[in-house]
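The letters A, B, C and D name the chains in turn, as written, and every chain counts its residues from 1.
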Amino acid sequence: MIPTSWFLILGAILFSLGVLGVLTRRNGITIFMSIELMVNAVNLTFIAYARELGSLHGLMWVFFIMAVAAAEAAVGLAIFIALYRHRETIDVDEANLMHW
Amino acid sequence: MSFDTPDILLNLIKIGIVLGLILNVTPIMVWVERRGSALIQDRPGPNRIGPLGLIQAMADAAKFILKEDLVPAQAHKVLYNLAPMFGLIPAVTTCAAIPFARGFTIPDAFTYNGVIGALLVAGAVANFLFGVIALRVTAHFGAKPGATRFNQWIGKIVGVALIATAPVLFGLFAWFRSVGSVAMPLGLGGRYFEPIIADVSIGILLIFALSSLGVYGLATAGWASANKFSMIGAVRASAQMISYELALTLSAVGVLMSAGTLQLTEVVYRQSGTFVLFDMIPLPAWNVFPMFVGFIVFWVASFAETNRLPFDFAEAEAEIVAGYHTEYSSMKFALFFMAEYMAMGTISALMATLFLGGWDVPYWNEPATFVGFLASFGAFLAKTTFFLMVFVWVRWTVPRLKYDLLMKLGWKVFLPLALLNMVIVAILIPLGWI
Amino acid sequence: MLDKLALIPLMPFLGFLLNGLFGRRLGKTFVSIVGVGTAFASAILGSYATWEYVHTFHDGERHVDVVYQWFLSGGVGTDIAFQLDPLSIVMLMVVTWVGSLIHLYSVGYMHEEDGYFRYFSYLNLFLAMMLILILGSSYLFAFVGWEGVGLCSYLLIGYYYQTDFAPAAGKKAFVVNRIGDFGFLLAMFLMFMAFGSVDFGAVEKGAIGVGPGALVTGICVLMFVGACGKSAQMPLYVWLPDAMAGPTPVSALIHAATMVTAGVYLVVRSNVLFRMSPTAMAIVAFIGALTALFAATIGVAQNDIKKVLAYSTVSQLGFMFIAAGVGAYVAAIFHLVTHAFFKACLFLGSGSVIHAMGGEQDIRKMGGLRKHIPVTHWTFAIATFAIAGFPLAAGFFSKDEILASALATPYFASLGKVVWAMGTVAALFTAFYMYRLYYLTFAGEFRGTHEQEHHLHESPKTMTIPLIVLASLSAVGGLIGIPHLLGHSLHIPHVLEHWLEPVLTKVAGLRDGAFAVAEQPEIIVMAGSTILALAGWWFAKSKYATRGTAADEAFHENMPGLASTWENKYWVDELYDAIVVKPLHGFSTICWKVFDAIIDGLLSLAAYFIAALGDIIRFFQTGNVRNYALMLFLGVVVFIWVYV
Amino acid sequence: MFEYLIFFTFAAIAVIFSAIVVIHRNPVVSALALVVSFFSLAVMYVLLDAPFMAALQVIVYAGAIMVLFLFVIMLLNLAHTEEPITRPIQQFLGITAAASFAITIIYYLCKAAVLHTGGPAEFVSDARAIGVSMFEAYIFPFEAVSILLLAAIVGALILSQRTSAITEAKDGGAR
């Protein structure tokens, strides 16, 4: 039986990598993938805790997170497609019209 | 997770059987495909290498191996090289979760009986006769113009080999008869042999999960080739496969609902036996009868999943040269080729398992013995072969669709039909019909 | 069936859903089948339930079928429950069967309309709501139906929403009804407060426990306000004539036969409460008499065929309230039933006339239709005789019973005589304007355009069959309530009185819900009614049978003041406009202008402050997503260090 | 022992490929690396006695979501987009924030001894248990998610329409 903490630390590392991606990359799709990475790190944590506590609630959360991630991927990618059609780029620094 | 030696041995045997089957699908199907298309198009087909062109596949393989391996200059080298392997992984791994025969308890000892004896003798006689026929045929065709030395040699070798096995078999028969019984070696006696590599509790999900990875091979190949046709093929393939995967999975849900489990061994066990229609007609309790709609959807979607005609948009040669593998040559191309046929084999086996009762021999309660194992194995192979034959038949009969029609069909026809199937099953289960 | 009473309103509700959701796509045949089919299904189910009820309960007990508990809060609550008792059954039969006939009629009448599915889905919804209203076992659940029929009435009045007047009329109906509903709501609050329940049975028990007094009087008066709104009594009657903007079958079903009688039903349903409060009864009777007389006089001077019938309806509803007010509840229900028959028949007949005339509603442009549309003519004639109180027709018995009861009421003798006098005069006017309508429409020469005359034709079978059925019911419907005077000698019992007896609970210390009228006043009234009916007939015939509209013109010349007063409906609409609508409008304008300025000013100030703050903070909004993400994560790190 | 071997192998794979996702300039490679990373996470789930979730992970993430990503990357042909470094402060702060986040969270994970609660309890996570839980305790979120997915479908359709109302207005309906 592998200790739960190791999974948590793995999750933390992956999450931090995701953070790194979100904060340093400019390619919208890559940022999006980093977000997915973070989501998965959280999923891992949920499942690790689910086993630790012997309850299914963590699993249910993961299930719903997956569904939400699927919805998010569909809409997010559609947004990027629309963005690309309008501006010929998906560099998020270029999409900065929404400010004062 | 503890193994002892017999366990490992048994698993190795299973893996050997399954791998042997799945790897042999490609050469056999290549021959079937070529001869079959020839049959359908009323032409001879490959008939030079080996009798009836039977070892044409080996010649093909030799050709693939010997061809030059080209890599386009603009290609993404790493992914270009990895892509064919991606394609192969799901094709090889999925079959691990498919039960291929009735399980049986390995007896402590083999005991001689008349059936085994008769089989051995008959095998000896048949081998001898076939050997003689092979030699005669080789001699006959070798005299004609156009026969290659290679072909003559092959024919002779096969003939001699067949004749040579005849006395061996006969000797085996004589020895076995005199000994009477042989103890099972390596402590295998008394073990239960479940003919499935990984009898996991999420069997069907595992299969869907692994087969859903198949698209990466295509997509990566298409993109890494740095070729527009390849790229279009890859884009098409990815859209097509995620569309049809939905219908495929949903149409299988009915099966799982009636079985109440995801484990494929259970799914098959539930289909053995019969149910009686209208109190008159006993039918095998196969899922195909109550879930005919789902079966049809699954069948059609399997064509899309394996990129076979009429859904082979990823490689539609009339439109985009050869699609995702336009730039591939030599053994890498052969890997795609193999992956396609292996995927066909796997999905045929899966279809047989889910809808046609897997290894179930209709109207016969297979005993948990070696005989039952063999018979059920035969049934399983027969069903899988049937589906494989239909793959070939359809390929040479039905023309390719238009791409928008493909999508429309997948989303607007097969997806609703798969849902309908679920509804039907959901109604039938509480009625006690399944 | 008795435990599945919910099915009766559910059938038309199903029709509403089917027609409303899929009707447009599935075409008129589908809509007709579903619309009419569900109505008839509900009628058949209702009849079956009645049959079972009769065989299960021999003494007219109240049968309650609880579907589920609606709500319960602080010991106060109510159920979703349906009830059957003799009163409900009478209403059920009238509503479902007359309703079904009108559904059938609508197939022919509305066939050329675009919003056919819309019409039928509303009509089905109306039927469902009406059934909830009459089958509901508590005031609150009945109120659901009460509001539901109000909604359907609104929708159907405004059916021709492309026109100007129809939506306005619908709105008017809705708003006026709201005033009444407000009274009803207050009555229910009082019930909740005093008795802790709004179940019919519980309220009755509670009221008996409390005894007569201001509370019961208050409840009754408030409930009567509600009834006034729904049943178009003074002063809330103004919506009903305008409601004629809706399709004619709607006028027949909602604004004549069923919905408008809901107020009468409510009063009769609460008869125990009313009997405890003679004050409330006097109010009911007097308002009823006033309305009857008032509307009847207006009806004399109207020229729109449907307007005449509308005022006639108001007037007849007044008669019902007279009956309810003087304590003759059986007479009220009796008149309700007969009125449903002949008024539905009249409205449907007028619809048939309008259909034949190609949309023309002005009786001055009709005339001589007798030979063109014979079926319509005959059914219309029978219904006219019935409403005018011609001897032995349906209206004769019921109206006669009402007037006799008014004369003999044991509650308030002197007021009773006044009411009787007003009712008698109203009956005379009724006979007159009905025959005027009849003769102007069917007798004499055709006064319309040549084109219209060419177009005249009898209506299709789907329209004439309901007419014939309803006309026959108008002719013989009175037989369910043969007066004792005749009944004794002929040995025919008063069926309805016997049937409704269990509803009129006997309570110690209170007068019974039914009282016998002595022979002498009954003879007087009966003879008087006959004479009045004949007089009205004769007078109308002499004026209108041959000479067309000449009499009206003469009337205008001779008595211009009275004529224009009647024609303009006593200027009630103008009056309301002046004393209610205008001041309210002015007050609202003042509120709007003054308070708006203050409140807006305060808000603007706050907004200005926020804007100023925002000007400072907005520098954080760089528009760059990564900046936001960076701030977020730095925040998270700080948060963890600070709080964990 | 065998388990540990698997864990460390796949943990290393997950971390390495996640790093590739974040660092690599080519989105296609990033996406494929993410697939590998997800796959190794699925292995983690198996190690955590949740094979069902592992299968779901592969089907949903690897089989559907990442295919969508790849599809979009290919569709928009984004493989060769240049990404010169601008905003050095943002870049620096980003790396700092990520690093400090990682240090923080790992520090607290190591520090907080919440994990030694005396051995894991009984943990059943087969399809039946999950299904019962989902359709009993979690039925409302389940339905809510179905509505969410519907909304996502509609949203995605409208956003990716070529002739949306927005573009039509922009083109003055001259299409």
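For this structure, a couple of remarks:
In this text, contacts are C-beta pairs under 8 Å (C-beta built on N, C-alpha and C of every residue); 3 or more make two chains touch, one makes a residue touch a chain.
The structure displayed is predicted, hence computed values, not measured ones.
Across the two interfaces under comparison, A-D and B-D, the one joined by more C-beta contacts turns out to be A-D.
For chain C, the chain whose average C-alpha position is most distant is B.
Once the centre of each chain is set as its mean CA position, chain A and chain D turn out to be 5 Å apart. Between the Cα centres of chain B and chain C there is a gap of 75 Å.
The mean-CA centres of chain B and chain D are about 34 angstrom from one another, to the nearest whole unit.
Centres computed as Cα averages put chain A at a distance of 38 Å from chain B. Within chain C, the positions touching two or more other chains are listed as 624, 626, 630, 633. Contacts with at least two other chains are made by no residue of chain B. Multi-chain contact residues, meaning those touching two or more other chains, occur in chain D at positions 3, 52, 56, 64, 68, 75, 87, 90, 93-94, 97-98, 101, 105.
Applying the touch criterion to all chain pairs gives A-C, A-D, B-D, C-D. By the touch criterion stated above, chain D contacts chain C in their complex at residues 87, 90, 93-94, 97-98, 100-101, 104-105, 108, 112. Considering their complex, residues 624, 626-627, 630, 633-634, 636-637, 640-641, 644 of chain C touch chain D.
Touching chain A in their complex are the following residues of chain D: 3-4, 7, 11, 14-15, 18-19, 21-22, 27, 30-31, 34, 37-38, 41, 44-45, 47-50, 52-53, 56-57, 60-61, 64-65, 68-69, 72-73, 75-76, 78, 81, 83, 86-87, 90-91, 93-95, 97-99, 101-102, 105-106, 109-110, 115, 117, 120-125, 129-130, 133-134, 137-138, 141-142, 145, 148-149, 151-153, 155-157, 159-160, 162, 164, 167. Only residues 1-10, 12-21, 23-27, 29-30, 32-34, 36-37, 40, 43-44, 47-48, 50-57, 59-60, 62-64, 66-75, 77-82, 84-85, 89-91, 93 of chain A touch chain D when the two sit together in their complex.
Those residues of chain A lying in contact with chain C across their complex are 19, 22-23, 26, 31, 92-93, 95-100.
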